[in-house]
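What follows are several structures.
Presented sequentially are two complexes of chain A, the first with chain B as partner and the second with chain C.
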Partner chain A sequence: MFKYFGIRLLALIPKLFIISIIIFLGLQLVPGDPISRTVPPDKLAEMDEEKVALLREKLGLNDTLFERYGKWIGDIFKGDFGYSLSTHGEINKIIANRLPATLELAAIGLLFATIFGLLFGFISAIKQRTPIDYSLTTLGIIGISVPQFFFGLLAILFFGITLKWLPVGGRMGVGEQAFFDRIQYLVLPSFILGIVYIATLMRYTRGSMLDVMGKDYIKVARSKGLSEVNVNIKHGFRNALIPIMVIIIMRLPYLVAGTVIIETVFNYPGMGSMLVFAISGTDLPIVMITTLLIAVVILLASFLVDVLSALLDPRIRLGSDKEGA
Partner chain B sequence: MKRIVVLLLALAMVIAMFAACTPAEVAEVVEDVVEDVADDAVSSDDETVGTEEEVEKEEANVGEGEKVYVNDTAVLNLDWWAGIGTDSKFEQPWRDLQSLYPHMLWGTLFKMDPYDVTNVNSAIMDLAESMTISDDGLLYTFVIRDDVKWTDGTPFTGADVEFSLTVNLKLVHSMYAANMGSITGASAVIAGDADAVSGIAVDGNTLTVALDTPFPDITTKIFATMQILPKHLLGDVDPLEFEDYLDYWTKPIGTGPWMIDEVSFPNYFTMVQNPDWYGEPVNIQNVYFTSHVTGGVEATLADLIAGNIDYAYGNGVNDIVQAENVVANNPEIQIFTRPSSYQRMFVFNGKGANDGQLNEFMGNKLVRQAIALLTDKAAAAAMYGNTATPLKTAVLPTSSWYNTDIPEWERDVEAAKALLDEAGYDYSKAIRMVYYYNEQTTKDIMDIFVQNFAEVGITVAPFLATGDLGAILYDVRNWDIMYCGYSTANPVYIYDMYQTVKGYDKYMGDSEFRDEDFQPLFDTFIAEGDPIARKAIGDELQVWAIENAYSVPIYGLSRLTLVNTQKLEFDLQWFTTDENEGASWQWSTWNLIDYQ
Partner chain C sequence: MSKKKYKKSSLARRNMHKFLANRLAMLGLVLLIVVIVLSVAAPVFTKHDPAFNDATIRYQAPSSEHILGTDSIGRDLWARLIYGGRFSLIIGIASAIGTSLIGVILGCVSGYYGGKVDAVIVYISEIFYSFPQLLLVLILVGFAGRGWVNLILIFSLTGWIFGFRIVRSKILSLREETFVDACRANGIGGLSIMFRHMLPNTLGPVIVNLTLSTAGFVLNEAALSFIGLGVEAHIPTWGNMINAAKSFVVLQNYPVVWIAPGIAISLFVLGINFFGDGLRDVYDPGQ
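Let's look at the complex of A and B:
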């Protein structure tokens, strides 16, 4: 089993290397000159050519593609992510400020969504074709079809402006650096983020549960006289979890990528908004590092899926061992 | 019944869809119909937030009770806006910075009196104790205050001023360097031939700045506006690394009435009073700046409505319709619309593409005059609601510099056609119009221009310049007309761009199309110290500009400020003029108030 995990883990290295080349080359092909995003057009129109040339040299835009890739990947290994082209800030520090914000938001949102998505999906399945099922299904469809920003704006209007129970946005107030002080800022965005995840997960859980509940071994379990709770949870829910687990784990990249809509609506400075600003500003160093980070998490998530699938379903690892032999 | 409700709702949706794609006046009528339909479908007993009754009720409550000053207990909450974001450092103040904190953190040699903003004789001294201007206008002598300290305890000296003036000439991003060319020795520093500016000297507490040619506007363009930074912390930094010198820019120090206390990138920073502040005492103790870079204008307005910030301005708020909506529903908030000298215009490529062939038609002033008459400036300005003003000259009609003898702008297609015919214009030739603002409003405005020119049979082919803008606009020059933006503080100064040493030279160059009368006229304007004589030359320049149409001003954009006047009180004179360059912010008049 460890050999299986080891091979899967080692396979990540060449994948990451290839991805890094694709990211680097792909973003070099993006139309637009970073200089024109570094300096506002009106100012650029007034700048003399010598200053533009100096700036170009300083930003390393005159180096060859190979030199730039080598320097970029080398610096990453040294822990130096470089500087933002548009803000001139250190990317290490920018990410250090924003990544924890996104992790908090996405983790709470995912946790909230996972708990309630699984619960509602489970209830909806075992109460199939009852008013509870219809209500949850309707809520699920609303959750999926209504855009996040709409829920967000409503929440700000109601809880932030009218009732004044919660902040309308931001990540922290002055002097509120401690996590418990910041929880008030996380409530609305993580709840709204969770709503869509809940709806999706609930739909999947319901479908998976119904699929499993129709299997022969459930009928066998029932015919053996097992209690309904035992059948539903031990035999039904556990087996239904395997495909759902993949969906949950494949949401992990949001922990790094952030969610631009929620972040923008709630003025929450996370990775998602940073990435969008960087893309619109052709701030290639930030786009490249963030994309690479997201790729790393996606690869790790897929590795985690492999591990969990193998642990939950021995046929997978046994099959792999046989292939290896 | 259920079917009727569903049908009514469906009808309302269809009407709403049409309303979204319909001009505003029609949309208002459609909105009324939608409201009627919705009223029929839904019970009117439902209470909704922001009904007229509630607003009226709220209006009645505003300002009730006795006004008390709460400067010691309350906090002034402001928006932290910065073009470079708020992720890892503060923006250097010599960029085009619109945030308030530079004015609170750093000082200048003096400030202009907001009640007499163009008169240097009534200037309010700041870091300088006095200023003397020689009779020929070529030597400025400042006595520097000897009681000023940086907030790290280091004494402030004339060397800081000398450093700040000099380093500006070496930076990539500086909005001041362009107006320092008249200082003796400045051009040598810009060219990299000298390290120090020979015309700037410090002797004890006395600083002198010598000019090669008279330039009265150096007072407002440099001395009253350029923040002085500390030489002892930044003097050894490579100018190309200046903005990246994080030892300073993560928590900059200054000499102003407040100093930075706590910083949390990218969330907020706080300011407290500077105990060594040398000027008129300020009342407000604490100032908090909250970043809205991530959420943008909506987040700024939400915080304003929720009472979390007291003042929103600059790039954070630029939509008049949105701002008016905020004010309508929140009577404690007031809106101030202030015309600015930022404007959009056409400039013409007389040089032609880089094939050596002159662009005959764009070089012909009759064609340019025709384009000025042909362009529907009012329609383009209307795309920005009430915040844009169509322009006849580059000087705003509200400005005291405006030549009132010039008649109001009117579109005249017939006259334009006649001018084009007189110029022998080749109507089969499409005009290549370049623009570089990649947003929908600009694209809509391009559609307006296409329609305008089509009325006389000219095809316009607009295209968005992307990539190396410098190369496209100046070197390749594969365009006839450029739709661009320009901003100056002294309104007449916009003609500065026509000087042979400035940007316009890149398009018109030393081609046969340039008018020889301009440069002597502009030089006289720059050198003239007498305000009345200067105004007369400014008037003449505006007439010259219309006649020659080197550029065609289209519209000027206003700046908006929203203030919670139930929490914040200050002398509002600052808002009454668009010529407020270098005007004092009068921090001592700012008070936090409450009604109890």
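Let's look at the complex of A and C:
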């Protein structure tokens, strides 16, 4: 089995390599002199041509495409992500500030979504073809139809402005550093972030649960005289959970994508709002690094999916020898 | 009488009945028709020009003259809403057709030829598949710039995987059918077999996918325009209209300005999802 995981892990490397090349080439296609992307314009205007030429040489802009790619990827491996064009700050520091914020938001969103998604799906399945089931299913469709940011704006208006229960945006107030002070800022964005996820999980949980409840061993459990609660939870839900675990991880990248919109709606200082800001300001170094980071996260998630599916279903890891990695 | 009835009970007719009996699907169809008619025939339903602004009537409350009132620079909101639907719909539908075309062509080629061609296309599609489309689009907009034409192109280039997967798997199974062998034996060329003989058999799920992906693109357009990376700001689309809510004053004091387009998007997408689910039940009872 470890051999299978090893092969899967190694297969990530060429994918990551291809993605990094695409990102790098994308940057080369952007019109404009690359030096204007590396040196602030006001400083560039002060310099005479000789100095610019010298700088060009120093920055390695006269090298071949191949050499420049090597330098770029080498710097990233050394942990040097370069400088932002708009704020001129070190990208390392910016990310160190913003990554924890996004992780916090995504983790709590995931927690919300998993609890409610599983709960609603479970109820929907054991109450199949009742008004409860129909209304939950319809709510699920509404959840994926109404734009997330529109939900967010409505929530700000209602809970933030009208009722004044929760702050309307941001991550912390003045002097509120502790997690418990920050949690009120997280409630709305993380819940809104989770809505689409809840709807998806609910649908899968319902389907998987119905699948399991039709199996013979459920009939056996019932005929042994076990209570309905016992049958539903211990025998039904536990087994239905197995494919759901895979779905939870598989859909994780979509949760990450959601943070981009949600952070913008709530003015939340995370990676998502940073990316939007960088794209609107054509701050390409930040865009490239963020894209690469996202790619790493997504590929790791897909690796986790493979591992989980293999652990849960022996047919997959045994069949893998024929297919190759 | 009974004979006549029997005769008319074709597959298409039975499917039609099945669809008509699905109340949610019918509700979806009605929603879709209402939104489409309002947008296409926008000039019939309002006498105002969506671009005309009158600074003396900013943020007016709904009245008989301005059904939904006016926005921050005195443009009629109802006019912007129904004219805005045009752009949102064009972007959604054009992108859905674009993705389907790419998906169908690649799916046919990949499924029919198999081997190395198939392996390469599948490898590319897997990379695309693991990325959420919104992120890919966002990054490409960063490189290509905003604008509605760019948006359609980018949506089409990033969204083809779903149509591709459907068509490829269908073609793979069709390849083993006798009629394909018969075609080959008759000396019909590969292209003709693929597109004229096999493709029509895959169209059901492709159409379902096309419908449902329109909803996704309308949502993506709205989200991108909302964060300021979608359609040019001067073009009225639903997303651009909600963008006004980024100003706290509008968000708090003039909710009609952004709630109206929000409801329009929600109803349209809801309509598509209900309608598409109904279509899927008819075309693909197994799912």
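Quick note on the criterion: the second predicted complex is superposed on the first by the 238 of 325 C-alpha atoms of A that agree within 3 Å, B and C clash if a C-alpha of one lies under 4 Å from a C-alpha of the other, contacts with A are read in each partner's own complex, and residues count from 1 in each chain.
Keep this in mind: a residue touches a chain if its C-beta (ideal position, glycine included) is under 8 Å from a C-beta of that chain, and two chains touch if they have at least 3 such contacts.
These figures come from a predicted structure and were not determined experimentally.
Novice: For A:I242, decide between first (touching chain B), second (touching chain C), both and neither.
Specialist: neither
Novice: Report the partner of chain A that touches more of its residues: chain B or chain C.
Specialist: B
Novice: Just chain B (first), just chain C (second), both, or neither: which does A:I156 touch?
Specialist: A:I156 contacts both chain B and chain C.
Novice: With both complexes overlaid on chain A, does A:I141 touch chain B (first), chain C (second), both or neither?
Specialist: Once the two structures are laid over each other on A, A:I141 reaches chain C alone.
Novice: Return first, second, both or neither, reflecting whether A:T264 touches chain B, chain C, both chains, or no partner chain.
Specialist: Touch partners of A:T264: chain B and chain C.
Novice: Which partner does A:G170 reach: the first (chain B), the second (chain C), both, or neither?
Specialist: A:G170: touches chain B, not chain C.
Novice: A:S302 contacts which: chain B (first), chain C (second), both, neither?
Specialist: second
Novice: In the overlay, answer first, second, both or neither for which of chain B and chain C A:L16 touches.
Specialist: neither
Novice: Please work out whether A:L119 is in contact with chain B alone, chain C alone, both, or neither, and reply first, second, both or neither.
Specialist: In the superposition, A:L119 touches no partner, neither chain B nor chain C.
Novice: Which partner does A:I183 contact after superposing on A: first (chain B), second (chain C), both, neither?
Specialist: A:I183 sits against neither chain B nor chain C.
Novice: Could you give the residue numbers on chain A that contact chain B in one complex and chain C in the other?
Specialist: Common to the two interfaces on chain A: residues 156-157, 161, 168, 264-265.
Novice: State the interface residues of chain C toward chain A in the complex, per the touch definition above.
Specialist: Touching chain A: residues 24, 127, 130-132, 134-135, 138-139, 141-143, 215, 219, 222-223, 226-229, 242, 245, 248, 251-252, 255, 258-259, 262, 265-266, 269-270, 273-274, 277 of chain C.
Novice: Which part of chain A faces chain C closely enough to touch in the complex?
Specialist: Its residues touching chain C are 15, 18-19, 26, 29-30, 138, 141-142, 144-150, 153-154, 156-157, 161, 168, 253-254, 256-257, 260-261, 264-265, 275-276, 278-280, 282, 284, 287, 291, 294-295, 298-299, 301-302.
Novice: Using the touch rule from the top, collect the residues of chain A that touch chain B in their complex.
Specialist: Touch residues, chain A against chain B: 31-33, 35-36, 39-47, 49, 51-52, 54-55, 58, 83-84, 86-90, 93-94, 97-98, 156-158, 160-162, 164, 167-175, 177, 263-270, 273-274, 277.
Novice: Where on chain B does chain A make contact in their complex?
Specialist: Residues 49, 83-89, 96, 172-173, 175, 178, 240, 243-244, 246, 262, 264-268, 270, 288, 290-296, 298-299, 302-303, 305-306, 308, 436-437, 466-470, 473-474, 484-487, 502-503 of chain B touch chain A in their complex.
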